[in-house]
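Heads up, the next two complexes both have chain A, just with different partners, chain B and then chain C.
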Partner chain A sequence: MSYPELFAIASAVMAILMIGSGRLRINLLFYAFQTVFASAVTASCGLVSGDHQLYSIGLAILLVKAIGVSAFIAWITKRIGVTSDPGTLIPVPLSMHASIVFLVVAHLLASQLPHLKGQDHSLGGATAAISLLLTGTLFMLARKVAVSQIIGFLTMENGIYLFALTQTRGMPMMVELGILLDVLVVVMIAGLIIFRIKRSFEHIDVTLLTELKEY
Partner chain B sequence: MNVGEWLLFAAVLLVVPILTAGTIRKIKARLQNRVGPPLLQPLYNVVKLWRKGETVSEDATWIFRGAAVINLAVVLVVAALLPWVSFKPGLTGDDIFLFIYLLASARFFGILAALDTGSPFSAFSSSREATLSLLVEPAIVLSLVALALGAHSTSLGSIFAYGAAAGPAAAPVWIVAGCGLFLSSLVELSRMPVDDPTTHLELTMVHEAMLIENSGPNLALAEIAYTVRLTFLYGLTVQCFLHAVYAVAPVGMTLLAVLSVLGIFLLAAGTALLETVTVKLKWTRCPEFIAYALTMGLFACMAAIFRGGV
Partner chain C sequence: MEDSLIGPILLFPVALAVLCLLLGRASRAGLAVAAGGWLYVALLAVQLIPFVLGVGGRLPLLPGLALEKLGACFLLLTAVVVACALSHAHAFFSSERQSASSPSDRQVLLFYVFALVFLLSMSAVYICDNLGLLWVSIEATTLTSAGLVYFRRDKHAIEATWKYLIICSVGLAFALLGTIFLFSASQHGLADGGSLNISDLIQQAPGLEPTLMKLGFIFCLAGYGTKAGVFPLHSWLPDAHSEAPAPASAMLSGSLLNCALFALWRLLQIASGVPGSHFCQEMTLWAGIVTVVAASLFLVRQHGLKRLWAYSSIENVGLMLVALGLGSAPLFLLQAVNHSVAKVSLFLLSGNIIQLAGTKQLSELRGLWSAAPGWAALFALSALAVTGVPPFGSFISEWLILVSSFESRHWLAAVLLLLGLSLAFIAVCLHAGKVLTGSPRSEIEPARTCSRSVVPAALVLVSVVLGLVIGPDFLRAAL
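The block that comes next holds the complex of A and B.
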């Protein structure tokens, strides 16, 4: 098993551990770990392929997504005064076990994909990427609080990023940095929207937002 | 049978449990700015309790008297079977499922004794204990089965034998299984996130309320059994982590022996730290914590399956 593969799987495992807690701070902590591992995948891909641009992208991901975004969302949750998410239909521990099943499904799907020649980390990378995508989707579906929706979205974004990174021979640096900026802006806007929802409804429970129709 | 090895093992079994329990108490006290009891306080407690008279409930039958002895006997048998230090001499028939059922039977007799006294506190705490053991058993089974898959054997002796170095690829299975076993042993031993071992509020306690009717020699037996259980469960976790180290960099047997005893104390210190910084979980949130132990077990199984291609 190569280093990019190991880090990618570790990132997927962190996402699965993230989904098992109802505490928003713990979710954010595991999101940060997951992103740190994603940036480690980037750096180790750069080490394998000899592409030095990947180091600076890895560093940018570490600073912007792992530290900046996590700290920003932590600040939002503190401002709003929300600490935990009770979850919707699926109990929180069960959603963690369901996402382990998704990891197995992801492995089966990834082994069907064509391999990139000369790149030995595409199987583990694809497994982790699809698993992150499914875990993020489940996280968005199984949670009530709007902050969780942002975290789930960011997890999915990590999955898409890892897929692009491990299944291709790398994208131009400008494209990667542009995506990073997009993510940052999306999180900022989502944060503002959460403040607005909180002010209008005095809660941020997304399952009750359909009440909007009645007014 | 190798008499020298057994004598060394027996000496360690006599000394380490007392010191482990003492270490947890001492470090916890120091972290809370207290001087704390001496390191040998568990031993002094047992000696003192042994001399005391006891009060037994009028409703209690021979089950209550017998359970404490049975508990200690079962725990000692497990300690002799389980390779919780690297130098434990091997025994035949040390199957993982025997270990799991012996642990369960010790718990069964504990619950039976608690119910036998007719005290409502012990009754509800035994119901809680039964719930916890029900939840945590799959996690222990999965972690051990993952290790058994790697060794192609269910004998504890051969799973935990230090043979040829398996290579770095084996390390993740050992680490994840070790984490799973550590989390489950916190639940199994009724330690902090699930139950507060120092609480004296009957409504919140689990393990302590089961022992609430015990006094004198009976309580001494229960305390000895608890410290031995603490030691071998921590020892098993330490062995998992040591195997991960061994897979990457093989070390000598003497160093392994020293490390496996030191590791138990290190884990005890870690527990003391954990118990200082965390609070007890609300009872309804305990399953969330135990789910993590189960997840670790599942991860260990997956890693073992992908590695071994079963």
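The block that comes next holds the complex of A and C.
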């Protein structure tokens, strides 16, 4: 198992640990770890392929997504004073078990994908990517609080990023930066709206946002 | 050379936005924006019409950016829609400020700025020649239009904005995954390391890896479909259209939905060259049929005026998807133009009516005919135009879509489409009829209707002209 694969799987495991807690601070901590590993995958891919652009992308991810975004969300949760997420129909321990099953499913799916020649860390990378994507989706579905929705979205985004990194040879830099910027802006805007939700509704439980209905 | 001018023209909205901020007062900015919007349309028309009518097929602008004829038409349509909405907005906001829930000067000013940046992001969609940049532009349209939906800053607006932002962002995350699949497909198939460049991909389509190509297309259909309001993924659309102020709803419906559909058209252009990928077209066609049928069922039981038109937009998105699935770019464009013209008029009029009656509940809106006959007539004509009644342009496009779905032997699809369209027509007529007839619930003082009728009246006229001018030619060609 190569280093990129090892880091990718570690990132997926961090996501599984993340979904295993109902406390927002712990969720956020594991999101940060997961993103640190994603940046480690980037750097080690750069080491293997000799593409030095990947170092700077890895560094950008570490600074912007792992540190910057985590700190921003931590600041929001502190300001709003919400510490935990009770979860929806799916209880927290069960969702962790489901995400372990997802890792296995992801491995089966990844082995079905055609392999890129000269990319030896493709299978582990695809497994981790699909697992992160599924775990992030489950996290969004299984949690109530608006902050959790953002963390789930960011986890999905990490999965997509890892997929791009391990299944293709070098996305164009322009596109990569555009995507990073877009994600950053989504998080900023969503964060500001959360303040507004808190002020107008006096809670941030998105399952209770049901005033706009058909009937 | 004309290609040197289109780039700077596209940056014109940004200059206008800066001017708005410098003017600092909403009333002055409103006039500047209205004038600037039409100036922008004129500049674009001077540049684009010779290109569209000319022989050249493709106009490269910058690396990764190029303009094609269909894109040029949509660019112009987008500019016209935004100019209409913004020139109506000035009158709309001045009467809004006499009502109880008056928006502040700053809110209106920010509205203009967001609308102009939104225009820029939508224009970017049509000049992208790169799948990655296309994704970035579409995501940018979400972010900039969130500011428009958020305009009123009350509970409903916050809820609608949150849902819009989260649902569209998650949907577009899947479109990004699809884009990566397509990139991967090109790297598997092509010798030179793959590409995201759309014109390269179209040329080299037979070499793409078919499995990854199909997977990529499915994810992109789900992703961009979310943004366009395809049936099971449409839930953000009625909320956002209903809570945004009327000029913003008009822009969302008349121009934003076209952007997402245009992205799907670019993907279908690539897919049509891949051997054995006929199923991409079929899938788009059926997504369209399902959307038309579902939206017309939703139309029957509606309780909000603007939600009604939002579902009618979903129905029209379904029709455009059918046109895409049939592989016909002219039909797609024709339906988009006709829908945009009629729907912008309807949303702007609905905004006026809601201001007049003070409610958007369909059960409380009665007697428009006796309260404001001018608006009532325009409202009735626009509603008929949107459902595709003969003298109007949308009749031609809906008729041609039906005919070509029969010709391509999609019997079941065509029958379902016919049923859906009929049901939608009946539902819209019933709801609109109730709004027009009866006696008003409360005494409504006659409003100064003149300044707020100009744009809708012009659009109704355009819709009739579209039907009368292009109608016979198209019909002769089809029959």
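Just so it is clear, the second predicted complex is superposed on the first by the 210 of 215 C-alpha atoms of A that agree within 3 Å, B and C clash if a C-alpha of one lies under 4 Å from a C-alpha of the other, contacts with A are read in each partner's own complex, and residues count from 1 in each chain.
By our rule, contacts are C-beta pairs under 8 Å (C-beta built on N, C-alpha and C of every residue); 3 or more make two chains touch, one makes a residue touch a chain.
Treat the numbers as computed from the prediction; the structure is a model and nothing was measured.
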{"item": "Superposition on chain A - do chain B and chain C clash or fit", "value": "fit"}
{"item": "Which partner reaches more residues of chain A (counting touched residues only), chain B or chain C", "value": "C"}
{"item": "Which of chain B and chain C A:100 touches, first, second, both or neither", "value": "first"}
{"item": "Partner chain(s) touched by A:17 [first = chain B, second = chain C, both, neither]", "value": "first"}
{"item": "First (chain B), second (chain C), both or neither touched by A:148", "value": "neither"}
{"item": "Which superposed partner A:133 touches (first chain B, second chain C, both, neither)", "value": "second"}
{"item": "Touched partner set for A:189, first chain B, second chain C, both or neither", "value": "second"}
{"item": "Which of chain B and chain C A:175 touches, first, second, both or neither", "value": "second"}
{"item": "Smallest separation in angstrom, by C-alpha atoms, between chain B and chain C in the superposition", "value": "26"}
{"item": "Overlapping contact positions on chain A, where the chain C interface meets the chain B interface", "value": "none"}
{"item": "Contacting residues of chain A [partner chain B, same complex]", "value": "1, 13, 16-17, 20-22, 92-94, 96-97, 100, 103-104, 107"}
{"item": "Chain B - residues contacting chain A, complex", "value": "169, 285, 287-288, 290-292, 294-295, 298-299, 302, 306"}
{"item": "Complex interface listing, chain C residues touching chain A", "value": "64, 130, 132-133, 135-136, 139-140, 143, 146, 150, 153-156, 158-163, 165-166, 169-170, 173, 176-177, 180, 183-184, 187-188, 193-194, 196, 209, 211-212, 238-239, 242-243, 298, 301-303, 307"}
{"item": "Chain C partner contacts - residues on chain A that touch it in the complex", "value": "113-114, 116, 133, 140, 146, 149, 153, 156-157, 160, 163-164, 167-172, 174-175, 178-179, 181-182, 185-186, 189-190, 193, 196-197, 200-201, 206, 209, 211-212, 214-215"}
